[in-house]
């Protein structure tokens, strides 16, 4: 179990690095998605470990709605204008 | 009458979800599920989903098994690439034209293709029924051709699992 | 009492004046006349009624010799001046009604002042006279000098008054009461008494325009002449004299340092004032100003004499009070007559009025003789008595006498100048317009006053007898008052004074323009105050939000920091972590928070802050708070969407960061705040001794609250009152968001679904209600289909969370958030038309309905006889379905659910749809700020 | 209270403070959010970690204190509302001025300038003697 | 007894595999050169990883109530993850965040070029 | 009769819900608001009468103290309730008279009514709450509503000013919340009556920290120097009725919280000197600010800050006389400050501005307005016989009774502040009411409706009533002060 925790922790750490480093907002969004997925994993793993199901409703919420944030960002990314001004998603 | 069928399907599907949420299979849950589903559908109406096909257990199973296998294989390939792989693998953006042009089919294929590692839907063209897929780790034209085949295979299995007879005919004809 | 009559009269005055014009003054004059009538028949009396016992303030009145005398003067002079006003003002003069009201009110206040038995009540009237005199001096306020003089008088006398108030409080608090008798009976001693005495004296001197407060009085001559006559002869300034006279017996009897200070100040300053005022009067060309300086001088004399504190000086002093009131009022009124007739008060331009108006001279001369201290007027008797009393008062007395004599010389001199200036000379031949002379009716009042002065002179012995009870309050005995004492030193002095005065008058050149009213000190103090105000305000009121916040945080550091260090527990068992698994989310949280600070892109910062939020949620979960975790996850998602909705319009980068040192300061403050908060957190937790109240909850929630999830039972039952307030907060902010975004208030209706999308193209399968309205480039079939499939599922989940919350994590908040996110998904997939189609209701109505349900549930319990927000648990047996467990607090949760949905819907309508519309309008050419950068 | 939570509280407050002291309203908003999270954690720290406070699932002895949770939940939702409002404020500010920076108060600046020039107040100037 | 132990072991393996895949995702996210590659790394091992961990949890928890919930979680994740990936991927492609030199073929560019005349890339 | 206790909160909230549902029908909204606030006033008055027999305590939801939330209607709370609901009612009438309907950008009524009612509910909740966290919620309610009201119409100045207000308030809320968290951490309870005993048991250092946090949070809301500078920057820009009700009430809620917590939770005057120093600097800096202003609304905002110093002075003395005077002065100040700002609104409509350099001659052109300004202005300046004088007198007496050097300094400071208040207001009179303006006001004056003038006049008269009824009122505040100092009546009522 410790191994599981360490793996997940390492994954989270690397994801966090990507969030901090970017370089683009979409990179960060992707990384945040991954972080949420890792969180889901961690919660489920914790539930499995402790045989405690109280966290499961959280998983329902996360799995159904966790992506809404990144969809919102992606939805309002305006590539045309971004390209025009030269300061779009790709900039760090 | 098609509308009524669609609505019944919707209520049934939602009731199933409701019962799964509660995890209790009792008359009370069933009644509650029916009530809430009807209520939700009445308060927030949406255009009915016209589901022309029907569920085919064999096709469904075949799709599921193949999907899981694909998932495993591709996942570990990708994981391997990530953990130990070379730097900067090449990729490609491919256009794949589907045989059945319904939105539902388009979406289900897109979902399935997306879920299988190594491919990502970059765009889709509903009028032409084309998926634009970003494919990871492509070495050459052979890979490209293989990939197109894979996508069509996925489509066929999906249609065989849930499609109407007419659609199955289309896929069957389009194969090859 | 008669005070009430004054009040009523004052209130009615404007009405009367409007109705009867200046003749109303005659009617008003009956009120003070009635006072005189009362005083003639009653020599003493008292009446009291508690007012504010908690402050020792009572409506206590009493009349003794001193106050009786002043009642007489205040009422008599008041009545006469009002009569004078009746002829003085032309009908239709602007602001006459107001003037009449204020004047009558002033007379009443003055009356109240002298008959108050309660020192605080006296202060009440004292300040009333100040304020009313401000209004009288300012008059119509059109002229700048009037306004300035009024303000000056107000500030100076109020300043003195406040000092006096403090002095009075010192005495009263010691004595345990504020009656004159109480204070006198339990007089304080020691240095505090000295302080009190000085403070009271400051009040008295400022009111009486004694040095160094003299300057306001001459300036106040800007007021209409009747005002000057009353305020500055009989009324306002006499208040100070009255106070000196009132306190003198007490203080002098107390002896010690206080008495010495009292004597030195009152007498010394009084003499200085007398001399300086007299000297200034001598050089005035404006008759009114001349009289005003004369008043200053006389008030100095009165203060010195009354403050001296022997029986003799006391009697002489009150006699002089009578004299001064009579002659000064008369003379002012005479000047008014001249001014009105001649159109000027400048003695250089007045010529030959003695011949033109012999009656006027007949009135003026006796009054002037009283002023100069010539027989047979009361002024002579008074002055003689002063000389005599001072002669009897040892070395100090003689020293004072020397001053008084010198002052008297000046008095004679300026009196001469007055008479000469007003009446001497030959009339100019062409001056026909004013030749009619003075209006006879105007002369009634001054004539009566002058006659009274002479009559009092002849009846000096009677006056003395009547006033002597006052002098009995002092040690020693007073000579009786008389017009003729026989030859003696006082008479010699009187002769010398007259001679010297006339000589001095001859020496002063006539046409020299006199010195202007002083008050440079006052000016300096006031401009200094103003400058100080500007400097202090400029230094503290920076107008900068970061500055204010930094100040608050510094106060936090400065107060909590040292207290924390002081209270640091000696030894506590500190755990490194709650559980080891805490460390991961905590680490993520820390890293994200730290990197959020320097981020230059808005979205980067937003995402990093979002990550801290998610990490926080995990901490909650690990801590044993699944409800919190669920809520935090959902809230964080909703927040991210909201932020993105706004940020899509804002520039992508933050503008320039502040300079390095500013940044360092900020970081410094931040680190300090963080340290302090963590420190106090440790401190508080280690101080815990008692078990928390929540320990009782686990066994109560099921039987009382009908639920297993304690947190939810707390929210909807145990502390539902909090939740009710919290949803009110949400309703308010939702309303606010809409009011900020919908540019015109009328467009608030757009919170409702006013827009109906166009029909979708025929040939296309329809997934959403308005999916086709999204511009082609942004549409995605995949998104539309999935939204279509999942929308109802999400709603189902929200209902599930709502219903199950009482027993497992969930509840109205989370349910509402999920439902709100369902709407968000619709909006993201199909745009603003889709949102309108998804929720065809007004967001405000949803909020209102939710609030109604939530609060109504609470109120319903009240109506049903329970406690507000009390819940009931019902276990029903339904055939076929089995046991149904219903808790009424679920209904409350439904209200909460609706409000949260309403909030999200409102935000989507505002920050989503309406901002879309702004953007579309901007594209269409409506002027809007240009976007410099895009969102991502 | 454990050191890890203390540190988290401290960092959240520190970072929140620095952002709060900025002029850009977006940053201020983020600062408020961080401070809110910090305060929530501080409240949470009043209780020891334990089992979720759900009767029947966990032993009451092992349960963590539910009362701070209720407080935090209220605070979270209130902060959500405030965030929405601040965002609207930032947007409105941008709409009107083209940026979301908090400017200094104009009246205060005027008084400050008077102070710098060693002058009296405007009101005083109006009635100054001539 | 034996059954429980076996189930626990299976569950443990599932968890371990899931964690490993998550780790791989993290590594890929960090190592891959451009956004789209990183997205492959990020979203895909996640799907299987998540499913594995959910299965592990289902085995460990073992009650109907929890299993149904976990099934729903899995299904929801399978449906929503591709949508998010699609939206981000589309935005990335349109924003030009694709490293062209790494692309062997770009049929979308060709299609867009046809559509917009010379306007495309 | 305890069922009456929650009504001052519940009724406005129900009213808010109803007005939200009726948002398209301004007339109905008005009718609802007026009747709800009238009912609140009546209930408050009834509670005041009932509270004379001892505090009325309600355990909300039937959860007995200290388990749940209690509402405590003691004499202090009910006094505040009566005065505040009277003031809110008058201001409501004034704003209705001011008119403005949807479509008028400055005064969107469909937002105004619900928000105003929520504000009222927040204020009453803060007064009634016997639970520390619920006090926080009460504050949040009134703050949230105030954020909306202060930015009403969304003009540039209002946004700028509103931002300052909102952000500072948010910081104070964070500090308050953290303070509550710490108090709970240290004591395990939120019930104020129970906190009495549990806080007493804490080590001094910890108590001091907790006290400091709460004082800081309330000090910001009450606008105590140096936490006060935000106020004059934000209040004056809002619509007149909003400024009026903010100035009159919101800071007083902070003061109320200070009085309540300092006497009940942290007695013993450990920070008395600190409070006194703060009081002095608040008075002096505030009034100097007023002197430096040339706009009536801003000037009044500074006098507001300054006079908070008076209240703090009384609290700092921590004696019965001091508290009694502070409570009395608080009640007085609510009414008079509100009145003056309403008058400022009338002035703005009559003269087109509140800037002194643009006004003039109002005493001649608008004599009624002149009277309406003069009386409360004198009252504020503490001119007898008005209530401002009585309150100030009480404070000076209490200060003299205490007799320490600092107390004497404050007595002097009070006197100076009073004088400068008079100076500032007299200057307003000189310039705006007496002086003939150099130029004609550019904008045609807006007519003030009869309702506006009447409601202002009612408040002016209410201010006078404080003088007439000062005897019984002061006796009441005296018993309030005694109860506050004794603490036991409160504790016994809540935890029998």
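We call the chains A, B, C, D, E and F, going by the order they appear; numbering starts again at 1 in every chain.
In the analysis below, a residue touches a chain if its C-beta (ideal position, glycine included) is under 8 Å from a C-beta of that chain, and two chains touch if they have at least 3 such contacts.
For reference, the UniProt names are A = Cation:proton antiporter; B = Na+/H+ antiporter subunit E; D = Na(+)/H(+) antiporter subunit C; E = Monovalent cation/H(+) antiporter subunit G; F = Na+/H+ antiporter subunit D.
Everything quoted here is computed from the prediction, not taken from an experiment.
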item	value
For chain D and chain F, chains touching each	C
Graph distance between chain A and chain F, where chains that touch are linked	2
If a chain touches chain B and chain D alike, it appears here	C
Chain of greatest Cα-centre distance to chain D	B
Chain nearest the overall C-alpha centroid of the shown protein atoms	F
Between the pairs B-C and B-E, the one where more C-beta pairs touch	B-E
Rounded Å distance, chain A centre to chain C centre (Cα mean)	57
CA centroid of chain C to CA centroid of chain E, Å	68
Chain centre separation in whole Å, for chain F relative to chain C (CA means)	14
Whole-Å gap separating chain A and chain B, where each centre is the average of the chain's CA atoms	23
Chain A residues counted as touching two or more neighbouring chains	5, 8, 12-13, 24, 26, 29, 54, 57, 60, 64-66, 71, 73, 75, 77, 80, 82, 88-89
Touching two or more other chains - residue numbers and ranges from chain F	133, 137, 140, 144, 147-148, 151, 154, 163-164, 167, 171, 178, 181-182, 184-185, 190, 233, 291-293, 427, 430, 435
Residues of chain B whose C-beta touches two or more other chains	17, 21-22, 110-111, 121
Touching pairs - complete list by chain label	A-C, A-D, A-E, B-C, B-E, C-D, C-E, C-F, D-F
Chain D residues within the chain C interface of the complex	1-24, 26-30, 33-34, 37-38, 40-42, 44-57, 60, 63-67, 69-70, 72-74, 76-85, 87-92, 94-95, 97-102, 104-109, 111-116, 118-121, 124, 127, 129-130
Residue ranges of chain D in contact with chain A within the complex	51-52, 54, 57
Residues of chain A defined as touching chain D within the complex	52, 54
Touching residues (chain side chain C, partner chain B) in the complex	765-769, 780-782, 784-786, 788-789, 791-793, 795-797, 799-800, 804, 838-839, 878, 880-882, 884
Residue numbers on chain E that touch chain A, as the complex places them	11-12, 15-16, 18-20, 22-23, 25-27, 29-30, 35, 38-39, 42-43, 46, 49-50, 53-54, 56-57, 59-61, 63, 65-66, 69-70, 72-74, 76-77, 80-81, 83-84, 87-88, 90-92, 94-97
